[in-house]
Each structure stands twice: as structure tokens, then as C-alpha cells.
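Below are two complexes that have subunit A in common, paired first with subunit B and then with subunit C.
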Partner chain A sequence: MTELLLEVKNLKKHFPVNKGLFGQKKSFVRAVDGVSLTIEKGETLGLVGESGCGKSTTGRMITRLLAPTEGEILFDGRDLSKLNDKQIREARKELQMIFQDPYASLNPRMTIGETIAEPLIVHNMMNKKDRIKKVHELLECVGLTSYHANRYPHEFSGGQRQRIGIARALAVNPKLIVADEPVSALDVSIQSQVLNLMQDLQEEFGLTYLFISHDLSVVEHISDRVGVMYLGKLVEIARKETLYENPKHPYTKALMSAVPIANPRVKKERIVLQGDIPSPSNPPTGCTFHPRCNACMEICKTEVPLLKETSPGHFSACHLY
Partner chain B sequence: MSNRLLEISNLKTYFFVDNQQIPAVNGVDLFINEGETLGIVGESGCGKSVTSLSIMGLLGHTPGKVVDGSIRFKDSDLLTLPEDKMRKIRGNEIAMIFQEPMTSLNPVYKIGQQIGEAVRLHLKYDKKKTREHVINMLKLVGIPRAEEIIDEFPHQLSGGMRQRVMIAMAMSCNPTLLIADEPTTALDVTIQAQILEIMKKVKQEKGTAMMLITHDLGVVAEMCDRIVVMYAGKVVEEADVFELFENPKHPYTKGLLNSVPKLGLKSERLTSIPGNVPTPANMPKGCKFAPRCIEVMEICKTEDPELSQISNGHQCRCFLYEDEFVKEAK
Partner chain C sequence: MKNGTVDLHIKDGRQEAEKVRTPFLEFWRKFKKQRIAMIAAFFIGFLFIVALLGPFIAPYSAVEPDYENILSSPSMQHLAGTDAFGRDIFSRIIEGTRISLFVGLSSVFFSAVLGTILGLVSGYYGGWLDNMIMRICDVLFAFPGILLAIGIIAILGPGLGNVVIAVAIFGIPTFARIVRSSTLSIKETLYVESARSVGASAKRIIFKHIFPSTLSSIIVYFTMRIGTAILTAASLSFLGLGAQPPSPEWGAMLSAGRDFLNTAPHVTFFPGLSIFITVLAFNLLGDGLRDALDPKMKD
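So, the complex of A and B:
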């Protein structure tokens, strides 16, 4: 049995929306509404979903960039949601994040060397000489060269900047890396370079990834297990082979069939969902997917389905099963 | 053989910035037949969007200028056409769908006014008839409550709905050619599926020819009859959709096809194209793809290959197929 690195229990994040004359908190956007998941050491968990489904918010809560409204985040035996600011800083040594936009996530006034060394300074990890050595090592790890250390972010292309972001995340030898759409801002030919790099680094350093993306084929490529989110809830989670070959939840099925396949001979039956994603501030009653679901039953309109194990390791939240 | 609708030959569009000239589009040849869907594939900066702006004559507000070539649409050359004649074609016979539905609609005009503007200008309908026509167009693209939506503002609609409005606007004057520049890139997959269905339906009903610009090979495989692959301001390969996916010739096309992870296909590693896309200001000598090419030869570093025919309807710009070109010529 492999060891659990992270266990998230019933995680919720409700953002208050100020309404009314005196800004009283009248309503909440339920960005994440009861997500439970586990990540084992050394595996990659992919999290997919459309915009606004709460996948990024989940990632940000796990790294505690956002404080959860409710729920527990057990990381290596500690509950991150209960830590104070100082303790969180300490804990982030083991929890790093790679951000989506490589153009916005690097400080334009810091050289690459300074950017990568900053986490080491924050965590008081090395003296200056060792730091410089470490920065050079890291740059080579991610396929850049040590002379890049004295340059500024604007001198780099998108793919190179994403490599720098990865080097920065690796600097403190984290156990878990939360990668929030790390390749969606990149061109296809560069995207595959970065994906390959992430896989190589995982092998080399024994990293665990939480890989957040809206691109189903990228997630399938890199993940061991995949979770599908819809409107703040996890609707299905399974090993990737099971999930992609035998999706259970109607939303997962629709999502899979919506992806255009790069083969003109394949003519597939497409499930075209009607309508748009409802607003998370006013989600539908019962199963949040029921207004767009083609297998909707009476019970779906009133009762919220729970995540149930339909076959070993395959969980889905649907009244059909 | 169906009729040529649009024929671009040797189009060169340069940008003049800081006393430099930057060749964004550097000698593009392509054509579109009536009722056909042509896909243009390439990464950012390869000149695919600039090509479409050149066709539409919309470079006016950019430092870009067409410096050479011709764009024949039906019987006229769009590049030499005076502005008043161009106005009659733009939005009427050639319409365009832009990438970002969020920013391409005017936030202070109602949906009906925005679509109606082109209808009144080109079709010369009166107020009442315009409104009817707009409602019909909105229904055609699958907008529910069309009678109410027509009086709403863009911010009241979601991304998918706005893109439908953009399609309705483009189709409102019954164009013979529709240019769609990354029409689904900003949208979620399930909404993308809806929009692609609508575009197919509209195309079938009206028999419009379409030029679909995208970087998504899946979308291209599904929508297009013929594909043009662009790299660094030039066409590197052209073939019909089946030929291109099954028998790609140019190393860049091959690399592109291999670097996309495919659903349901388990591969341990993605083959990737090394290096980065060169910036237009900093083009390599010889073949523009040579520094990243795995099959590079000596000749590639000094000479730029020509776009030549390999087999019927399949053209490629690469020295690797020198022999095959010759055979063809004999």
C-alpha cells in the first residue's frame, strides 16, 4: 500500500458577495462546495473541469493561498487548514505551486537568479555561495543554462518562463507541487516540451503533482488518477485508464465526447450539452448538473448525489449508480 | 472542379516598427474554392491572423502594410480596390468572426443594434425588416429567447452566447466567404462543441466557404476539407485533410501532429519540437524551420526551399522531397 501524502476532506470555499446598501454580506459564491480527495506519494492527480468549476480554487486552498471556509487539508499528517500564518510559511517549504500565466507570475524587476533564489532566502536554507550553486543546478535541471541567471524575465519566451517557474517551485525541494494550468498559455510544440520536463523531474526528484487543467488530453497524458469537477463539486474520480475508457457520470461522458479528435476518419457520436454552466452563486437544487443532463431523473432535481465507489477506486456522484 | 473564390498569391505583409521592417507574412499562396472549408494551422506568430486581416483590409490601425502580392476575390483584386468598394465587400461578401467574443462586441450597443448595423448598411432593409432578420439570425445560431436577447447588452451574455452573436453578425448578410479567426479558443470544450455544431449547420444551410484559423488540430480534423500549415510567415504544407493527417510530409507538420497528446492513446513520452518559434525580427537564414528540424541537412541552412507539389493537391516546402518533386515534374 502506498503512502498518502495529502488528504482533503469536505473542502469548501464560499466567497461572500456584498450586496445591499451597507455592503452586508447577503449571498455567497460557492466556488468549491465539499471536495474530498486523496493524493498518494509520487503520483499525479489530474483535476479537470470547465472554467468556474472551482479547480483552481481547490489548488489554491491546498497551498493555502486561500483560507478554506470549511474542511480539512491533511498534508503529511498535519492539518493545513488549522495553521496560523507563520506555520503556513513553514509548511510551504513542502508545497509549491506553478502558475498558469508565465508572463504574470515572474517579477519583471528581479533577475531569474534572484527569483529562483528567493524561496531559499525566505526559508533560510542556504548561505549565499550554496544558493548561487543551487540556482545554477536548477536552471540546468529545467533545460536552461547558468548564464540565464543574470537576465530578466522579459528576455525569455513563454516556454522558457514556464521553465523558470518550475525551477522556482523546485528550489526548496517540495514534496507536492500544485500545477495550475501550467501549459495552457503555451503553443503546442512548446507545451509538449514542458510536459516532458515535468515528467522527467517527477522521476528524478520523486515529486507528487496535483495537475489542474481544462485540457482532457493533456491531463490524460500526465496523470495517474483524474478527478472531474463541475460547479464546485467533484463528480467523478478514478484511475485514468478507468475514467477515460469507462466514464460513468453523464458530465464526464459529455466532456469526453466534446473533445475534437485530431483524426479526420473518426466520426464520433457527440453528446452536445445544452445551455451554459449555471452560476455558482445560485446553483441548481439537487444535482447541480441536472438541468443539462440527458439522463436526468426526478430524484436528481431534489437530492444531491454523493460520491460513491461504483467499482474499486472509481468514484462517481450520480443517482444512476 | 469547383470555382475559385479567393486566391492569394505571394502575399507579403510587413510591420514597420522602430525603423525596422518585420515580415509577419512573407510570401503566402493559398486559395479557397466555393463552399469549401480551408483550415489554417500554425503556432502564435506564424502570420495566420495577419493573413486574414490582410484579406479583410483591416490593417489600417496597425503598423502593418501589404507590400507585395495579390488577393483575388471573385473578379477583383482586394488590394487595389478603393476603400468605398472594399466597404461593400467587407461584412457583406466576406465576413469575419474574431477570436475574443468578450472584446469584439461593443459594450455600449445592444445586440440588435450591432447586428442590425451591417444588415441596414448592406442589405438596405428598413427598421422593421432588419429587426425580423436579426431575430431570425439569432434563432439560426441557437440563441434561446431571441426576441429578448436582441435588446440586451453584451455583458448580459455568457462567452458562448457572445460567440453565437458574433457568428450571427458575420452570417447576417449571407457572405460567400466567412473568415473565422480562432472562433472557439476562448471557450470551454462543451461550449466549443456547441459552437462547432452551429458553424457546421450554418455552413451547410447557406453553402458558405470558410477559412478557419486555429491552432487546435482536433478542430481542424473535424471541420475542414483542406489544410494549410503555416510556419514563420510562410506556407510549409498544404493538403486535403485526410492526406495531411495520414501522410504528413514536412518535418514541422509531423512534429506538430506528434506533440499533441491524443485522447485514448497511451504514450509514455510526447515527441516535442526542440527550440522556440523564431521571432519575425530574428529569422534564421535558409529554411525558417532548419534550427528546430530533426532532419536538417546542409542545404537547409543556407537556402530557402520552394513550395512544390508532391502529389495531386499536396504541396510541401522542404528539401527532403527534392527527388519526389523532380519525378512529378517529369
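So, the complex of A and C:
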């Protein structure tokens, strides 16, 4: 059994919505409502779900860019949710993030070299000479050349910028990288390059990824295990092969049936969900998915299903199992 | 056809030459194209030289009276005529340049430094600190500009040094507001968030990421503000609250010439003209800088 790197327990994030004349906090948007998951050392956990289901919020809480409302984030034995500002900054040495938008995540007024060296400067890791050497190494590592270090972000394409973002994340030799939709802003042809780069780097440096995406085929390509989120909750989590071949939760089934197959002759039954995703400020009672579920039972309307192990390593939150 | 390929080749060559396009070069490329702002910049450069060399290039002394040439009209000997004490107005204007530029620059410099720090802190940290700073600024804004300056002079007493302080204080809230508003928007950008995710401290984010991005609006407003500061300082001197009589300050010269407006208009005309042109030059330069620094105005 491999070692656990990250264990998230019952993580919640409720954003207050001010209503009323005097700004009383009257209601909450339950962006993330009780997510528990684990990540083993060296694996890639994919997190999928539609827009607004809380997957990015989960990622941002794990890197502590957002403070969780409730819950624990055990990273390498330490509870990140209880650290103060200074300790969090220190912890970020081992916990880096890659962002969705490679255009906006690089400071336009800093050269690429400065941007990549920033984590090293912040964590006081090397002297200037070594830093420059390290930046050049990192650039080569992500498939750029060392003379790019003196250039500014606007001189690069989207794919190149994402490589720069990856180089920055790698600079401090982190243990975990949270990749928040790292390829969604890129062309399909560039997506595969960046994904392959991420996989190569994972092998080379023994990285662990939390890979957040709405693109099922991307997640299938890169992940070892996949978690599916719906309305702030994790509804199913399993090894990639089991989840894609044998989804249990009705939501996952519907999601999987929406993946296009690149063969016009294969006829596939498409499960079309009725209705829209409910508002996270006023989620349905019981199982949040019950109003749209095609296998809805009486119990689903009243009782919240818990994440249960339905077969080894396959967890699903549904009353059917 | 052949020409076309040759052209392309030259273009490639040029791109090789300008390998590193720093933000400054980018700015310079755009600023160069603005003729009026360039002229204003040259004029301001010229004013600085005049201010530095003042006493050496002035044909006459600025303070020595010459009772044989009282209130004489402009002539070849006295280019801008003489005042009630026979002093050469042209020489006085030259020496006054130093005072006006000094007052303008130093007061705006103080307001910019203090206003920027307040704006950064207030925008970045928010909360009660932000509220407090902004409410104090609101109070300062409630005074009509010159009245506030007069009030401060009334407390500190007249004199050029106090004019600098008064004009500086009266400029702080505007800087604070401008910097705060850009801080608020830059704080939310992804690159600030990514700096945070890397582990950068608040201090580093403020000075390394936010401040450089607000710099362009600070520079623009700084330049425009110098004109206003010179004008305010001149007004205070005109009212007798700033530079005291023998000093060749432009506002004080206007004030001294007031009594001879009908008989010897040149005594007020030339200092007035200097104020006008200088303030105009700073404003035009500010406009040009704004256009060149605005990232949305790409060619």
C-alpha cells in the first residue's frame, strides 16, 4: 500500500450572501459541501464536474488560497486548515498550483526568468547565481530554451505560457501540484503536448497531481483515479478504468454517456438529464441530485446518501448501493 | 514578387535585432509618436536647464534695484521690461523658474509618496483600515482645494517651505484614491493570486506585483499634478502667503505688478505667461504619457 500524501476530510466552503438593507448574512452559497478524498504519493487524482460544482473551490482550499469554512486538510501529516498566514506561506513550498488561464497568471511586467525564480526568492532557496542556473534548467525541462528567460509573457503563445506556469510550479520541488483546468484554455493540439509534458515531469520528479478539469477525456488520459463532483459534493470516486467502464452513480452514468466517441458508426445511448443544475445557495433536500435522477426513490428526497465503498476502491454516494 | 521576399527578410532581421522588448521600450515607441507631448517634454527639459543654470544665464540680477529704469517697457536691453524697482523681469522669471519647479516637484513628490503608500495599504488590506483612510481622504476632499492650502498656511505661517507642505497635503487624497482603485483591481488578477499561491508575502506582492502595475497611473497623475501644484503655489504667493516680496516667485511677481496693471501691463503679463506655458506643458506631457502608458491604446 502506498503512502497517503493528502487527506481531505469533510471540507466545506460556504460563501455568505449579504441580503437585506443592513448587510445581514442571511444565506450561504454552499460551493463545497462536505468533500472527503485522499491522494496517494505519486498518483494523479482527476476531479471532474460541470461548471460551478465546486471543483476549483476545492483545489483552491487545498492550496489555501481560500480558507475552508469547515473540515480538515491533512497534507503530509499536517492540517493545512489550521495554519496561520506565515505557516501557510511556508507550506506552499511543497504545494504548488497551475492555473487555468496562462495569459492572466503571469505578471506582464516581469520577465519569464523573474516569474520562475519568484518561488525560489520567496522561500529563500538559492543565491542569485544558482537561481539563474535553476531557471535555465527548468526552462529546458519544460521544453523551452534558456534564452527565453529574458523575455516578457506577451511574446509567448498560450501553450508556451502554460509551460512557464508549470516551470514556476516545479521550481521549489513541490510534493503536490494542484492543476486547476491547466489545459482548458489551450487548443486541442497543444493540450496533448502539455498533458504529456505533465506526465513526463511526474515520472521524472515523482510528482503528485490533483488534476481539476471539466473535460472527461483529458481526465481519463492523465488520471489514475477520478472523482466526480456534483453541486459541492463528491458523488463518486474510483480508479479511472472502473469509473469509465462501470460508473455506478446515475450522475456519473449520464456524464459518461455524454463523452463523444470518435466513431460515427458506434451508436450509443445518451442519457439526457432533465432540468438544470440547482442553485448551490438552496440545494435540494436529501440527495442533491434527486430532482434530476432517473432512478429516484422516496429515500433520496429525505436522506443524504453517504460515500460508501461499493466495490474495492470504488466509492459512490447513492442510495441504490 | 522578388521585392516582397526581400522585404520579409528585412522584417525578420529587424525582429532579431529587437530581441528583448522591455515595457520601457514599448512605452518609448508609443510616446515618440505624440508630437505635442514630445514638444512639451522638450520644453520642460529646457525649463529644468534654465532652473539649474538660473543665475548664470540671467542677464541682470534678480533682486538688485535699478532706480534709473523703473517700469520701463520691453526693449532690447530689458527683454520683458522692468518692474517698480527697475529689476529686469526677464532675469527674474529665469530665476523664478527654479522656485516654481522646486515647489511643484517637491510638493507633488511628497503627495505621491504618501498617497501611494496609503492607497496601496488601503486597497490591499481593505477592512477598517481602508475605511479609515478613505474617510479621512473624504474629509480632505470636502475642502475646496485652495482653501485647504490657505488653512494649512494659516496654521504653519507663510513661507515657501510651508507652501510645499500645504500643496503636498492637499494632493495626498487624490493619489491615495487613484492608487487604491488600481490596487483593488490588480489585487484580483490571477497573477497576484498565483504569486500568493507560490508563497509570496503581502509585502512582496504589494511592492513587486501591485506597485509596478499602478506606476503608470501614478506617473501620469504626477505629471498633471505638477501643473496644478505650480498654479496653487503661485496663487498662494499671489495672496502673499507663499514666497515673500524680494523673491522672484512668479505668483509673487504677479501680485507685485497688480498696481500697475493699466500703466505697465508687462510687469504682470510675462510672469503670467510663464505660469501659463509651464502648467500647459506639464498637462500636455501628462496627456501624452497617459496615452502612451495605457495598455488599451495599442497603436
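Everything below uses one rule, namely that the second predicted complex is superposed on the first by the 321 of 321 C-alpha atoms of A that agree within 3 Å, B and C clash if a C-alpha of one lies under 4 Å from a C-alpha of the other, contacts with A are read in each partner's own complex, and residues count from 1 in each chain.
Going forward, a residue touches a chain if its C-beta (ideal position, glycine included) is under 8 Å from a C-beta of that chain, and two chains touch if they have at least 3 such contacts.
Predicted, not measured: the structure shown is a model, and the values here were computed from it.
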{"item": "Partners on subunit A (subunit B, subunit C) - clash or fit", "value": "fit"}
{"item": "Contacts of A:44 with subunit B and subunit C, given as first, second, both or neither", "value": "neither"}
{"item": "Inter-centroid angle subunit B-subunit A-subunit C after superposition on A [Cα, multiple of 10°]", "value": "80"}
{"item": "More subunit A residues in contact [subunit B versus subunit C]", "value": "B"}
{"item": "Touching partner for A:155 - first (subunit B), second (subunit C), both, neither", "value": "second"}
{"item": "A:270 touches, of subunit B and subunit C: first, second, both or neither?", "value": "first"}
{"item": "First (subunit B), second (subunit C), both or neither touched by A:192", "value": "first"}
{"item": "Which superposed partner A:213 touches (first subunit B, second subunit C, both, neither)", "value": "neither"}
{"item": "Which superposed partner A:89 touches (first subunit B, second subunit C, both, neither)", "value": "second"}
{"item": "Superposed arrangement (fit on chain A Cα atoms) - minimum subunit B/subunit C Cα distance in Å", "value": "8"}
{"item": "Footprint overlap on subunit A, where subunit B in one structure and subunit C in the other make contact", "value": "none"}
{"item": "Subunit A to subunit C touching residues, read off their complex", "value": "63, 65, 89-90, 92-93, 96-97, 99, 101, 104-110, 118-119, 122-123, 150-152, 155, 165, 168, 172"}
{"item": "Partner subunit B, residues of subunit A touching it in the complex", "value": "50-51, 157, 159-160, 187-193, 195-196, 199, 214, 216-218, 220-221, 244-245, 254-266, 270, 272-273, 276-277"}
{"item": "Subunit A-touching residues of subunit C, taken from the complex the two chains share", "value": "19-23, 189-191, 193-201, 204, 208-209, 212-213"}
{"item": "Contact footprint of subunit A on subunit B as seen in their complex", "value": "43-44, 158, 160-161, 188-194, 196-197, 215-222, 241-242, 245, 255-257, 259-264, 267, 269-274, 276-277"}
